[in-house]
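Next up: the structures, one after another.
Next, two complexes with subunit A in common: one pairs it with subunit B, the other with subunit C.
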Partner chain A sequence: MKRVFSQCLKELNQFRRDRLTVALAFVLPLAVLLIYGFAIRLEAKNIPLAVQDFDNSFLSRTYVERLFATQQFVPTPLEGTTPTAALDRGDAKATVVIPPDFERRIKSHKPVTVQALIDGTDVNNARVIQNSLRATTQFFLRSSGLVPAQAASPIQPHLRIWFNPGRREALYIVPGIFGVILWVFPSMLASIALVREKEQGTIVQVYASDLSAVEWLLGKELAYVIVGLGEALVVMLVATLLFNLRFRGDPTTLIVGTVIYLGAAVAFGLLVGARAGNQTGAVQGTAIAGFLTALLLSGFIYRIENIPFPLSLVSNIIPARYFIDITRDAFVRGTGWIGVWYAPLAIALIGGFFFRVATRVLHRMQFKD
Partner chain B sequence: MPLPTSRFWSLTLKEIRQILKNRQIIFLLLFPPTVQLLIFGLALNPAVDHLSLGIVDYGNSPSSREFVAALVANDVFEVQSFQPSVGALGQQVRRGQVSTGLVIPPDFGDRLAAGKSVDVQVLIDGVDANTAGIAGGYMQQIINSYGQNLARGSGMRPEVPVEVSAQFLYNPGLLSSWFFVPGVIGVVLTLTGSLVSSTTVIREKDTGTLEQLLMTPAQGWEILGAKIAPLFVVLMGDVLLASAIARLVFGLPFRGNYFLFLALSGVYVFVCISIGILLATISRTQQQVVLTSFFFNVPLIQLSGAIAPIESMPAFFRTLSFFDPLRHYVTIARSLILKGVGIGALLPEVFTLVAFAVLLLGISVNRFRAQLN
Partner chain C sequence: MVLSQPPAAIAAQTSAIAVRSLRKRYGAVEALKGIDFAVQPGEIFGLIGPDGAGKTTTFQILAGVMESTSGEVNVLGTAPRNARLDLGYVTQKFSLYADLSIEENMRYSAGLRQVEGAEFESRARSLLQRVDLDRFRDRLAGQLSGGMKQKLALCCALVARPQVLLLDEPTTGVDPVSRREFWDLLAAVAAEGVTVVAATPYLDEAERCHRIALIYAGEIQQIGTVQELRDNLGLRRMEVRAESLDEAERALSQVQGTESPLFKGAATAGDPSDSIASEAIPPAPPGKGGGLNRGTERPLSKGAATAGDASAIVDIQTFGDRLDVMVTDAERGDQQIRAVLAQHDIALKDLRQDEPTLENVFVNQLRQQGLDPAYLEFPAYRSGKEKGGRAIDTHRLQKTFGSFQAVKGVDITVRYGEIYGLLGANGAGKTTTIKMLCGLLPASGGEIELAGQTSDLNRSEVRSRIGYMSQKFTLYDDLTILQNLEFYCGVYGVPKKLRREKIDWVLETCGLAGRENLTTGSLPGGWKQRVSFGASVMHEPDILFLDEPTSGVDPLARRQFWRLIRDFARRGTAILVTTHYLEEAENCNTMAFMVAGVIVAQGSPSGIKTSQPGQLIELVSGQTQAASDFLKERLEPWRVAIFGDRLHLVLDHPERELDEIHRWLAEADIEVQSARPIPFSLEDAFIGIVQRAEGA
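Coming up: the complex of A and B.
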């Protein structure tokens, strides 16, 4: 045990002396927090919409005004002759074409068709555009008295949005960022530390000593979990101040979860470092791989249920997925242990597996034959 | 500009041999791009459908069951469970087991039969704010149109004076992979290009062979040119690999001129190589490259619109995204692959991309030469 602690102290001292790495270890997570926290917004807004109004009557102008009354669409001029030209150039995401007899047909109670050409490239946007064009048209009809009020539905839905009634997107994104940051950086630092020992040959001295692989790795594990805790503290503190996050209820899930998650991340880094030979390129490749899986297969951006079958199995062994359950619960949902009891267990299981494999790779503490 | 000399060619040959001999680089050129394209293309899906719905049906009458059947008819919602009480339903929403809930009151059928209006309660898990908003909108739309049909009496077509006929161009099936894969080709090129080129440059610095090269009569531009040319060739190989995956696995249409796509991808490959060299000149060791690459790649990817839409970003980041070369490449790739436009519709993006390539290559070459002296 004492040897593990002295390993850990030696590692921390070495880390502290490399000023650039220390700076990057704390600046990079903050940079990622700021970029993701401010720049990822999924709700479709400011969609450029072009209108070709062949009627140019009172009713058609009212209709166009209605379309832009919500903040969802911004008008964009329709240059060129065809309605698709603006879509081709990407100046508009949709073009609405109002036929010349728009007002006349409405007044004579004949149905009118308004054509909407929607850029289907961005699938999510396309659906949102279609839905809100329909909804706005309904609203236009009711507000201009073109549809009798008695057609109202007898069933009245009362919507209640739980946990995040203002639908602030930061509450969804920022707890997810914790999962990405606290996976990528601690694991990267740990794997770099291990590869450095191989590159500089200091690992041979460890081989020659009577230190066992488990003791040596545990020392490193402990050291980088401590560094990771420092990162977690800084990132969460800045995030709560900048994005106005608050604890909902029991903070022990977050504390326990963070420690276990950092343990798993560092164990993953050690495993990568142990396997990588002395090539940093491999470490970088794995860092990207860890980053992408934490980003894509954890439900950080889009719903985890949308991941199709063979890949959804992989997402089950991504620890970030479980940690994000914990952070979203701690900062938004607030159920506590009843809601997320499984998450620390799953992370511990996966992390334990990583550590076990890492010690097996190094267990002989000898050069490879 | 002197003509390529035999010295240049022998240096180039040396670089090619080094790349081909280094199995790690071959691996980095083939494996991560393939996996990244597959994972990105399959995993990134913003669809809001098959939302789990928990139901408390106090009415438990034919009319309430009909109502539930209408709610789930178009697969936006999917009944996950029936709960005996609001309390039990609340538990499920709280634990995230269902993302939406519906409470139907006991007098649902009686009130409707009597022609009175009836309130139903809808609970939506708001943790995922965007999904919650869309789900709420769907819920209201479905319930309203069901109710209106009831009011008019069944069998009658709803009478709508103005109808919107929507037509989806470029991607009529609304496949999300069609949207993401062209952007991801850019992301993959950025990650692989900067990684491979920074690795090859920094290794010579690390092992000291760069000094040996400097002692030979080769000029600075020859050393650098001989480094860039093979990198360009192997990364163009990655472009071919990526477009083959896009075509064969995801069935992307490639409507535009493919050679134009290759040419503009080539311009972007220069951007990636420049970033890689820049990383290698900023960092002293390979470990620092690993860390500094995050400084460049994360904002580059995030502001490009390849993963999350640019229009929804705050104004500041929307402006910032114009300074992201990847953003322009992603626009070009989507336009050429999906829209099938000619170069005429892409002129602003093409000019910006070429400008970025020239600027970044200039900066990185200058920095590299400054380090040589």
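Coming up: the complex of A and C.
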């Protein structure tokens, strides 16, 4: 155990001397936090919409006003071009064409057709625009008294949004970012630390002593979990201040979960480091594997349930998935241990597997042929 | 060829290290082809050989960090892996953590071997004091000089009190003064009973070992004490200084004994006007098992016939300002050399005999195996510059990187037809100087004149007259050798019709004819270096810059290199070459020695040696270590150095001081068997210059 601690101490000394790794540990994660925290916006806002009103009557103008009243759309002028040309040039994401007999037909209780052209390049957005235009049209009809207010539906849903009543997007995104940051950077630092010993030949001294692979790796594991905790503290503190996050309920799930999650991330880094031959390989391996899985297969942005079958199995062994469950619970849901008891267990299992494989790779503590 | 090798049965019991038919294979490559040796406790055993000979592999197996393919390895009576805690291992790159301090590095190394607490404190303090690093305990290892790093690595290895110390080229690229201190330290450590196995590419360091093994291509060629190996060669070395070395070499090579069928082709097909035959002829192979070829009868050769007697001359090597002639018998050789030179009206300035160098031993050994690379004349089409004109001239040349002054006012003049050697340890500023001279790096101050130009040195007219071979290979690893050479022909604008011939010359000279379609990356370092030299001279430059052309090249290839370089010089090319092998400086006409960005000495090799005040004395004593310790207290420590079982002393006034030293040693009850003056080596000269400058 003494040798593990001396290994850990040496590793921390090296870490704090190397400005580049310190930057990698603290500056880059904060940058990632800011970029993701501010740049990822899933809700559709400020969509440019062009309206061609051939009627130009009182009713048609009221309808147009209604469209822009939600603030979801911003008006963009057509200026002589056709509606399709506006879409082609990308000036508008959608155009609405109001026929000349709009008001007349409504008043004579005949159905009227309003044409809406929607840019379908962005499928998701197109769907949002479509729904929004529909809803606005319905609302316009009702508010103008053109259809009876309580006419059709016998069921009236009474909606209330639980956990995040203001539907603040930051509450959804930021806890997910923790999962990405606290996986990618600690694993990258650990893999660099290991591979650097290979590159600089210092590993030979370790080989030439009787230190075992487990002792050697445990020392590094410990050191980088400590570094990772520092990182977690800084990132979470900045995030709560910037994005106005609060603990909901029991913080112990987050504390225990973070320690275990960092352990798994560092173990993964050690595994990559044990396999990689140089720093480039180590950085690329941890960065690509980390970002891909933590972004795409963890439920950070895209629902896990949407991942198709064979790939959905992979998401079960992505620790970030479980950690995001923990962070979302800690910052949004607040159910505590009852809600996420399984998550730390799953992460510990996966992390333990990584560590075991890393020690297997190095178990002889010798050069390979 | 194995001498003084104890029988294996005894060796296993008494020796610290015993290796029997050790083999190591990496895929298809056999790095070690069955080597045997044994090292006695307290012995300094040297493993001498070029890069790729198998030294590092041997060390890794001895240190227990790699498995052997087959064979027996016994370290301290057990398998190397079990002996790891009693081993100290210093690798080529020193294995230090650059971002940890001296103290932290020591503590970590000690911790790995479970030396802690008060025990660590006391050992670390005494070791660091001994190597004079105690003052810098908190300095980061990355900020230390090469010599200090090397000492720290040794301390890290010694802190656990190992019984065996394995040192894999610990002195490569380190300045001569530090190297000598390091070997002094090793001698002291060995005297305390630690067994030392050290590898070195410097043949002068090999002389400081008790016994050495010459290793080449995975096989041990010879084992013995340096003296044994020299005696076994059975040749004497004559140093010839004459008015015209070229003519002297030509004259002497005509009477050189020749009998090997291997090189008859070269000797008869050679160009009679030049020195083709001079080096291509190997001496008679001595019989197996240490047979001496001294006095063996040689058949008459064409050269011997002109001399009227069996020729005593076996080999001739040209250096910057002298010839080394290997002769079978000193007296006959002396007569023959004088006679031949008189016959050709060449004034002899000086002729002295000396022992053969280790390099002679090594070269001779390799030649017997037919490993001598072919020598072919370069197909020259441009008439070179007239000799003697100034090719390179610098005045107070300076370079500053940030706050670090890499080159501090260097004055160099190189003339056409001259070989100028720039020597110094790694980091002395050699490469920076060369880069400024060929326009790759702007100078921070001072003036440069290159081929008559003083500004815009990287214009294409200037560049087309320059050849540059850099320390790192400039070849593309994933192209074939042929593609690389064709590329460089294109880059340097070699006329199309001449390309084939030049490329053929490079391939033949490198011994790669017929293998030109190999990818360059698959070649070992030494071969790449030859191809890369070829690539840099194909356009027949007037000025040639060679940055460490010979590092990692075996002695035979190194000689071939220098011959090629000399040929270019003869044609009027100005050549500036850097090296950290001091012994190579002998090949230069003029040399300069750089320390920390400053030239501390400049002149011809002989000039520098003879301008040394004082005399070098070789002292043989039964108690070498005791004598050394004793004398180091009375004289300045740098004046005393242990070479194997002898002591070298630098005395400014030997006539007075020697008597006094005899008296001191007698009083201290240290017996002196002999004390005789020996000539300075360049190494001695530089250490003297540097130390005197520091003392002043």
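Operating definition for what follows: the second predicted complex is superposed on the first by the 356 of 369 C-alpha atoms of A that agree within 3 Å, B and C clash if a C-alpha of one lies under 4 Å from a C-alpha of the other, contacts with A are read in each partner's own complex, and residues count from 1 in each chain.
The working rule: contacts are C-beta pairs under 8 Å (C-beta built on N, C-alpha and C of every residue); 3 or more make two chains touch, one makes a residue touch a chain.
A quick note: this is a predicted structure, and the numbers were derived from the prediction, not measured.
J.: In the overlay, answer first, second, both or neither for which of subunit B and subunit C A:Asn316 touches.
T.: Neither partner.
J.: With the two structures laid over each other on chain A, which partner does A:Val206 touch: subunit B (first), subunit C (second), both, or neither?
T.: The second partner, subunit C, only.
J.: Is A:Arg3 in contact with subunit B, with subunit C, with both, or with neither (first, second, both, neither)?
T.: Touch status of A:Arg3: second partner only.
J.: Is A:Thr70 in contact with subunit B, with subunit C, with both, or with neither (first, second, both, neither)?
T.: So A:Thr70 meets neither subunit B nor subunit C here.
J.: With both structures placed on chain A, which of the two partners, subunit B or subunit C, ends up touching more residues of subunit A?
T.: The partner with more contacted residues on subunit A is B.
J.: Answer with first, second, both or neither: which of subunit B and subunit C does A:Arg17 touch in the superposed model?
T.: second
J.: Both subunit B and subunit C contact which residues of subunit A?
T.: In subunit A, no position sits in both the subunit B and subunit C interfaces.
J.: Which of the residues in subunit B come into contact with subunit A in the complex?
T.: 24-25, 28, 32, 35-36, 39-40, 42-48, 50, 67, 93-96, 112, 115-134, 136-141, 143-148, 150-152, 160-172, 174-176, 178-179, 191, 195, 199, 285-295, 298-299, 302-303, 307-309, 311-314, 316-317, 331, 334-335, 338-339, 341, 345
J.: Which stretch or stretches of subunit A touch subunit B in the complex?
T.: The touching residues are 20-21, 24-25, 28, 31-32, 35-36, 38-48, 63, 84, 87-90, 93, 106, 109, 111-131, 133-135, 137, 140-141, 146-147, 150-165, 167-169, 171-172, 184, 188, 192, 195-196, 279-285, 287-289, 291-293, 296-297, 301-303, 305-308, 311, 315, 325, 328, 332-333, 335, 338-339.
J.: Over in the complex, which subunit C residues touch subunit A? Could you list them?
T.: My answer: residues 25-27, 60, 63-67, 84-85, 87, 89, 91-100, 104, 107-109, 111-114, 116, 140, 156.
J.: In the complex, go through subunit A and note every residue touching subunit C.
T.: Its residues touching subunit C are 2-3, 6-7, 10, 13-14, 17-18, 200-202, 204-211, 365-367, 369.
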